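By written order: A, B, C and D. Residues from 1 in each chain.
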């Protein structure tokens, strides 16, 4: 069976809520019904058929041929299957995702993987602020799963994160892991100011010493422990990195001592 | 003269009719508001009618203040209670000029419900934060706590770690004096406003949770703009949500990012802009090409606006209701110079009427 | 306009007129059957029950703390429904607008917001004015305010106390007076964390008991129809049934209303030191004709606790769910907002059972009132389910099977066979609250009553019957049809208006200027500030 | 009894009788194999028989650094017990006293089982609040600060209910030296079989027992029929040429592991031949009434 494919006719005139177009929700739905779903977010909302040409039938494998910064909530709450976007997406792709794989070949907007529970998101381009973070009023961000960003990431990745892994391969903006509760953020490349600000627990694992480390992170020196090798091996097995991140005897900082002081920032020697 | 279509003076009903047409036609209208509680109520009701998204004119500051309440919560006290009870006052960062009278009045009084003989004043400041106003500094004998090269979020972090007995590497000037005063205080109050960043507010409220485990302490939140906070209250009871909220799907959707009007305009999502301010000579920002309706206090049309309507000001031209941080609640504001200029609520009412459908009661 | 409701079964215990008869409405009032006139409009309500509109005496529907709770919890109320009909904002999450519609749909036409801080009266009344359809009323909170505590400390004369209470009720446009954990909020500001009935507020040397007695006496002398509405000390704490018992005994021959007694029905038996004392409290209430209570039933699920009992709310922060709260040190009581989820675990099951025991073991439906202390025990939208639990033992047994057995074993609930009759429901939710609040014009269907009328389609499904009223009239206007709001209108806030004493006004002016540096104008408002036609309706004090 | 002969060694046509058990396995790593094994040996000390030790445990196999989770040399340890509760209790106690304490050690699940046992989850409180939980790759780890760094320990390991305890054979030889030589050959061969351990000292037991005894309270006593010094005075199973008997006892992850271990052991003994080693091979059973698993020697010969 060919993937269920949504070919973008032209740049949409309004923001679109694409949370309805997931393998779980489209399983067994006739094409005519899919085409009639309302996805626009303005007063006169567009339907799927207005925006996309639909081909293919395999709803477990969805492809958006062409993307847009106005594609919000792609793959939101998906639990199984696979979605691939051949282009950019807007805000909150993979919001509350519970399983499956979401691949975005272009850029992603705000809060990719917001409140994600499980599954895997890969973003080949840059990603906006608040990766994995909570929406207004929520007290937890991501609670599980894996997000890989191969481009640059914005401010506050992993805000209030509770579990899971975020890997940022070209660095990120300020406040990585802001208010983090637990979980792991991996970053290679430059990270902005005050990573781990207000973090209670959790790990920030970097490929270099952060340039602007908060003063309430305390130097624990170099540590000779087994965990880095275990984690490096995982990163390589998952094809997140192709060489070890921390290596033997990384540097470790503990913090944020303003809050609880049980989080850590580690980076390799040198 | 109160109404203009383009630069042409028209009778008010003609302007209303034209605005109603624009609103009815719009696919994605956005409202920026600045009015008293009744003005805001009427415009939020109008926003619902036409599926608009609304925010305060100073939505950016407001969003941080709202986020403190929606995401963190915390300890709060009224200014009236602070006046009578606070024996230590800690000013956190910058307090807008609008609140300086309140601070001076606190400096001029002693807490009558406290065993303490007077108040001790401190101020937490960070790198780049403006100096405290001279008169207040003198009268209250404010002790500055901070470090010349550290931003305020770092200063608050060091203070909180120190209060919690956790190690910190850096020292702050006069931190021991502050820690000593807080330890002895019966009812210390941290005064804050206009947040530079939401993380600092989270840090401050976390510190209050820590302190309250053993002794009492609270915070006096002075909104960066009282009228804006009045709008927050009205929006919250009317829709269940503070701004930024929109009605494009019929139901109110609260989303500080999605309903950020500046963003919607910059991303060319909005196709009509209703801009309302009761402040003297306040003008909407220029938005190239976006049809704009301006409800302003001006005797001239706003150049580039599709429609300009001159409005009165609550508490001046007509009676109104405003939020007052002096008493921490709403207050009736009686007209001090009553005039015939239409109130925002009156115009919104006219617009509802013009958009009439019989079975819909106006708000 | 003459309206006739034809063929229904009328349940009207206040007038002793229960049975099949027509009900006639003219110009917003219930009238005798006209001798010669024909109805302009006749509704065939055969197969239906007709009751007066229901009255909720204790539901936190508006005002500062309620709005703060909304502000704290936007994520609990994400809108997802499309607009069902042209009623402004009626589908807005947890708003004033949806509050009015949801109450009306169940046939409730009058609701009392029981905790208005007098300093927050304007805000409260503006919110209430935005609650459509139903009438509202408020109780003004006293008992932690410096002015009253100082007067009691200084042995002020009863007349002086009365002047202050009258001034407060009048200025805040309240229908009665409430005291919440008397003295505790003032003590909490001085770092007192536990406060019982005979504990003393440090700076004033005044006990909780004395505050309650003072206010109870004043309410009686002023002829305020609703007895002092007491939120007792030690809410929610194991063993607090003793506190409730002390408070009941303190009624001392004068009327006293105890709010949400369920939250005080706890003993210290059992492995977890948390057990039901509901049977004992019910017996005390049965034996004391001066005392009325409302239950504050707990139902299961996510809710938020909103209370001006700031001491209790601070203690509750530990078990907040989700973990965020607001603690507010305001003038007088202040308050706290703590979200909470009632689970079907030991504690939740016990609280649920305690509430039902109180409902079922207190014999006199005229003295026990139907509340969940919305939203503290459960949102008022749980009422239909609660009606079913009271009216059907089978429904109770089915629910009990889902709950924690070890908790239920420490209660008498399983052994109670009582089922509320329709007549008793009508007493508890209509006739008795009207009498308790001094509202002669409602709660019954006799001639002269305002035409607040709920028509329910009789059926096996009690929940459905009470959730979706067949017809609801407010002041003679048809506002709900088949559980859907069809007509929008604005109700009024019922208030007392005891004439304020001139001397007291002067004293208050001086007090506000001296203590707050602001003129009294800052703290008062004209009716016109509400910006709605006739926002208030006056209720008379008893002479 | 029919006699089979292989490479000049007489093999009794009898069977080893074995029982169902619960088993778990963990992988212990350390900076060097020496220290991984040290932790393992310490942990599996005093674990010869469930009768007196609560469990039976031993190192299963060594694992090269390239095959362990953290890239350091390690070994797999197996522990057997009669009940899940006892197994959990023994695992926790031995992990806490012997592995947590051992320099540089880390510990990982060594078995995918139908049920799970607490590993790091039972020890994490040693961290006094400083323990760190990490979940990735579908696994959960605890990191507990200790004086030489961190004790890294997977939260849980698997448990199997398919395990078999009490596989055995007896090596009957002309003298004690030859019996021991043959037994050592068997131990070396079985040591290479994954999933099977020999819990007795060096894999060998010399005090084979019978059920019960004349003294009250003795659950087992000397196997007099196989004790050469009593050959004349009791009904003996030993011929005049036999002067020493040693037993190999095997616990396995499952039936197949015991079978493979028995095969490997028997082959090694038979290949070694009667001159230097055993003259005769037998096995212990209780007449087939007590154990569910019967390993007939004749089926397992090379």
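Here is the rule we use: a contact is a pair of C-beta atoms (placed from the backbone, for glycine too) under 8 Å apart; a residue touches a chain by one contact, two chains touch by 3 or more.
Keep in mind that this is a model prediction, so the values were computed, not measured.
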Would you indicate which pair of chains has the most C-beta pairs in contact?
-> B-C
By mean Cα position, the chain sitting nearest the middle = A
Taking each chain's centre as its mean C-alpha position, how far apart are chain B and chain D in Å?
-> 73
Between chain A and chain B, the Cα-mean centres are separated in Å by 33
Residues of chain A that touch two or more other chains: which are they?
-> 135-139
Residue numbers in chain D touching 2 or more other chains?
-> none
Give the residues of chain C that touch two or more other chains, as numbers and ranges in rising order.
-> 72-75, 324
If every chain is a node and every touching pair an edge, decide which shape results: line, ring, star, complete or other.
-> other
Note: in the complex, chain A contacts chain C through residues 135-139
Please give the residue numbers of chain C that touch chain B in the complex, ascending.
-> 62, 64, 66-68, 70-75, 77-83, 86-89, 91-98, 119-120, 122-123, 126-127, 130, 132, 146, 188-191, 203, 314, 324-331, 334, 337, 487-490, 515-518, 522-526, 528-529, 531
Given the complex, residues on chain C that touch chain A span 72-76, 322-324
Over in the complex, which chain B residues touch chain A? Could you list them?
-> 26-28, 50-51, 67, 70-71, 150, 153-154, 156-158, 160-161, 164, 166-170, 199, 202-203, 206, 248-249, 254-258, 267, 269
Which part of chain B faces chain C closely enough to touch in the complex?
-> 37-38, 41, 45, 48-49, 66, 69-78, 80-81, 83-85, 105, 109, 112-113, 115, 186-187, 212, 215-216, 218, 232-234, 236-242, 249-254, 319, 321, 324, 326-332, 345, 357, 359-363
